[in-house]
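Every chain is named by a letter (A, B and C) in the order it is written, and numbering of its residues begins at 1.
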Amino acid sequence: MNASASRLSLWLLLTPFLLWIVLLVLVPHLQMLRVSFQVRESWDTLAWGLEQYQNFFSESYYWRTFVRTGVMSLFTTFLTLLIAFPIAWYIARLARGRSKGILFLACLIPFWASELVRTYGWMILLRESGLFSSWLQALGWVDGPVEMLYNDVAVIIGLVYNGLLFMVVPLVTTLDGMDENLVEAGYDLGGGHATVLREVVIPWAMPGIVSGCIVVFMLTLGSYLTPILMGGKDSAWFTEQIFTQFITRFNWEQGAALGVLLLVLSSLMVWLGLKLTGQSLRKVMG
Amino acid sequence: MATESDLSCNGLIRRFGKTAAVDHISLDVPAGTFFSILGPSGCGKTTLLRLLAGFDKPDEGDIFIRGQRMNDVPPNKRPVNMVFQHLALFPTMTVGDNIGYGLKRRKVPAAERRKRIARVLEQVGLPGLEQRNPQELSGGQRQRVALARCLVLEPTLLLLDEPLGALDLKLREQMKVELKHLQKQFGTTFVYITHDQSEAMVMSDQVAVMKNGRFEQVAPPEELYREPATPFVAGFVGDNNRLSGEVVTLADNMADIRLDNGEVVRGRLAANGLSSGDRAELYVRPESLMFTGEALKDGFCAMQAKVLTTLFDGANSRVEAENGGQPVFARLPQDGTAPRLTTGAEIRLAWDPKLARVYGAGQS
Amino acid sequence: MIRSVPRSRLFDALYLGYLVAFFVYLALPLLVTAVFAFNDSPFPSLPWQGFTLDWYLADGSAGRTGLFHDDSLLGALWVSTKIAFWVTLASVALGCVNAVLFERLQFRGKEFLYLLMLLPLVIPGVILGVSILVFYSGTANEVSRLWGIELDVFRPGMPLVVMGQVTFITTLATLVIGARLRKFDRQLEEAALNLGATPLVAWFTVTLPWLLPSILGAAAMAFLMSFENFNTTVMLTGSDTPLTVALFNRLREGSTPVLNAVALFLMVVSALLALFTLRQKGSG
């Protein structure tokens, strides 16, 4: 191929990419950033200012929810990793033949239903008139109906459920690629279970762990349905506040500022996660 | 041009940065011959093949196929087909569709296509496999499909890029013979590149030994073996012992060499320009060395060696010995004529000086 | 820990118990949802009142309206389908182009652009929706205020929902198709040229068939993702509500077995799509 033809094909392929990334990702986010620094003085006059961000810090409800969302997302991510790792290990290393494929597919089952349906399923199970409550009464362990919905535990059960798939899949993929001789060598050279896990298995699985954690954290932080539908009166989620600003109050400037803050938090955590584990986004995601 | 040649190149150069992967290559392949290019990996043979196929362009020099200049002809318009190193059978097509691919591009009608596919499959010994997927075939069968895919187009020139590399040893031996037969049967000119000297020797009419982008020698296999033009060829084609020493006398194309331990041995001069006192290297093949007692055949020369170990390998059994610190291998015939050797024993190794070659030191 | 390292029986038993508990946890909510789609009771809860198909088939005459007679849900289903169709089309097309761009071409700044391409994966869906709303709807407002021209495409509604979903689904499609293209042996294209094909013919006869399973897989995934998406969609939707948003609104009013019926219907459709993709992979 001569030089001008290859330049032409480069531009032909580059143009759709640039249109997509610029028009749908970069420009909208820059505009959101710009709007977050605007203050509405009357219905058609705008001034620049930090008022939206000042509101966030002075209104304890905002930043408390913000911190709560962050901490609970981290906790959910960690819990998901703990729950998923033994499962992924079993699928990747212990199961054989057909059962391996079947178990892996079984992990994908929740993906067949949307987040809304999954949350709805949990509501049917956990609420006062729900199945768990009925079963406990039938067993005679409790006297009256028990409300298990509308608290933080319920929210975390739902969030972990949503995230599991995205943790199991990358873990299975990396663990599957591990040479079993590595583990055998670890034992052969005198390591115990804990040592081998810490020094052989986990370093090997790190790309999978990081990629799973990033995706689960992002999903949890940005989730809306589960905390709204399963959470109680005081378990507010930050996305809910963004939603309220935009949809109920039509206060776009404030909403944009909250959006920027959420984006900063998530980017910061992703960056921190990558730095602490020495991974790169390309290796983990691409 | 004097002879009818299918492929001729002159002064081909292809540079990557500062190094020339193909450096002033000229060659001439007569119609219907099996021409091999033999060289170690990285010698530029794959680059040369890609130039011929048209996947790459030479910086200098010309390529002619049947007298037609090919430099500016794109790969899909050249009368050249190629069997790729990993065969490159299309995994999304059946064997029949793979073979029919080129015919389809030439707009051969479907009925005619089917006939020719069936015929070529028969010729390569795989009749009736049209509907199979290439993944279901054995290594040797895939090899034949790759060949059939090219041969069905009746190319002027067939290029083969180390196609036997992926096969196991037994199958490779078998395919060598078969390729040679197929080439004779179709009468197509083959240009075959390989790093395996045995492949090149067994199949070829002509072999070009390539090193650092240049041809060291182009000759029929036997000549390469008997009269290697350079120390590199002597060392690369077949096994060889290298003994270094100093030229004592030169006469009648023969040279006497004093080895480092003082012994004087003899060999045929392979290069001009040597004079007495020069450092020189004598190459003598393990199979030319004979075990002698005191009696020396007429005209033979001999040297002392100390046995290090014997390496039993059936017909290829050898003894490893040393002469003044230089390792020497000699073939141990398994017909009962070879003496029993123990480590540390002193032996005398003799050879016909006409079978040894002398080169100036550092000539490689 | 691995098969060749001996384990105690107690450890094995505990491990097995854990596995069972895990898969029960995975299956239970979906199972319960599915089962209550057939309970002959106005509430999706125990006790079991007997089997009925009312929640699919009832025509409203007996106080129950099943899914197939519920015009607002059916309408929402249709809206979701239309959205998913356009999203699939756009994101798979973009994904193909991006995959070729990043796997086959060499150019300056490629690494940086690749990171940009991954960016939508690390932006929460709500934020993607919000930013697109702010920019496009805001622009429409400004244009209307300054020049009196109404850019209705950029008001919340179907086009905006499609744009919002394409933003992140394109990245996923690119990754799926790119992974397959990376495994493609370039020699196959050279072989095609060598056998007389032009570069364009080689692309369509050799490379594209190779990519086809991943393209179909990416399409199935894109369709599902679009159909199930809520977070981005809810910010951008207008008067024609897609199914997830309609279900959410219903759910806030109180749950009825019709919701279970819809949920089961969606699960079956998703499962069929997933099976279709697996079959493709199996044969490809």
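Everything below uses one rule, namely that contacts are C-beta pairs under 8 Å (C-beta built on N, C-alpha and C of every residue); 3 or more make two chains touch, one makes a residue touch a chain.
Quick caveat: nothing in here was measured; it's all calculated off a predicted structure.
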Least hop count linking chain A to chain C through chains in contact: 1
Chain at maximum distance from chain A, centres defined as averaged CA atoms: B
Euclidean distance of C-alpha centroids - chain A vs chain C, Å: 16
Where chain A and chain B are represented by their mean Cα positions, the distance between them in whole Å: 60
Whole-Å separation of chain centres (CA-atom averages), chain B against chain C: 57
Contacts with 2+ other chains: residues of chain C: 199
Partner chain C, residues of chain B touching it in the complex: 53-55, 74-77, 80-82, 84-86, 88, 90-93, 101-102, 105-106, 149-150, 153
Complex contact set, residues of chain C against chain A: 1-5, 15, 18-19, 22-23, 25-30, 32-33, 36, 43-47, 93-94, 97-98, 100-101, 105, 107, 111, 113-127, 130-136, 138, 145, 163-164, 166-167, 170, 175, 178, 199, 224, 227-231, 234-235, 244, 247-248, 251, 255, 259-260, 263, 266-267, 270-271, 274
Chain C partner contacts - residues on chain A that touch it in the complex: 1, 9-10, 13-14, 16-17, 20-21, 24-29, 31-32, 35, 44, 83, 86-87, 89-90, 93-94, 106-118, 120-125, 127, 129-131, 134, 161, 164, 180, 183-184, 187, 193, 196-197, 201, 214-215, 218, 221-225, 229, 239, 242-243, 246-247, 252, 255-256, 259, 262-263, 266-267, 270, 281-282, 285-286
Footprint of chain B on chain C - complex, ascending: 185, 187-188, 190-199, 201, 205-206, 209-210, 212
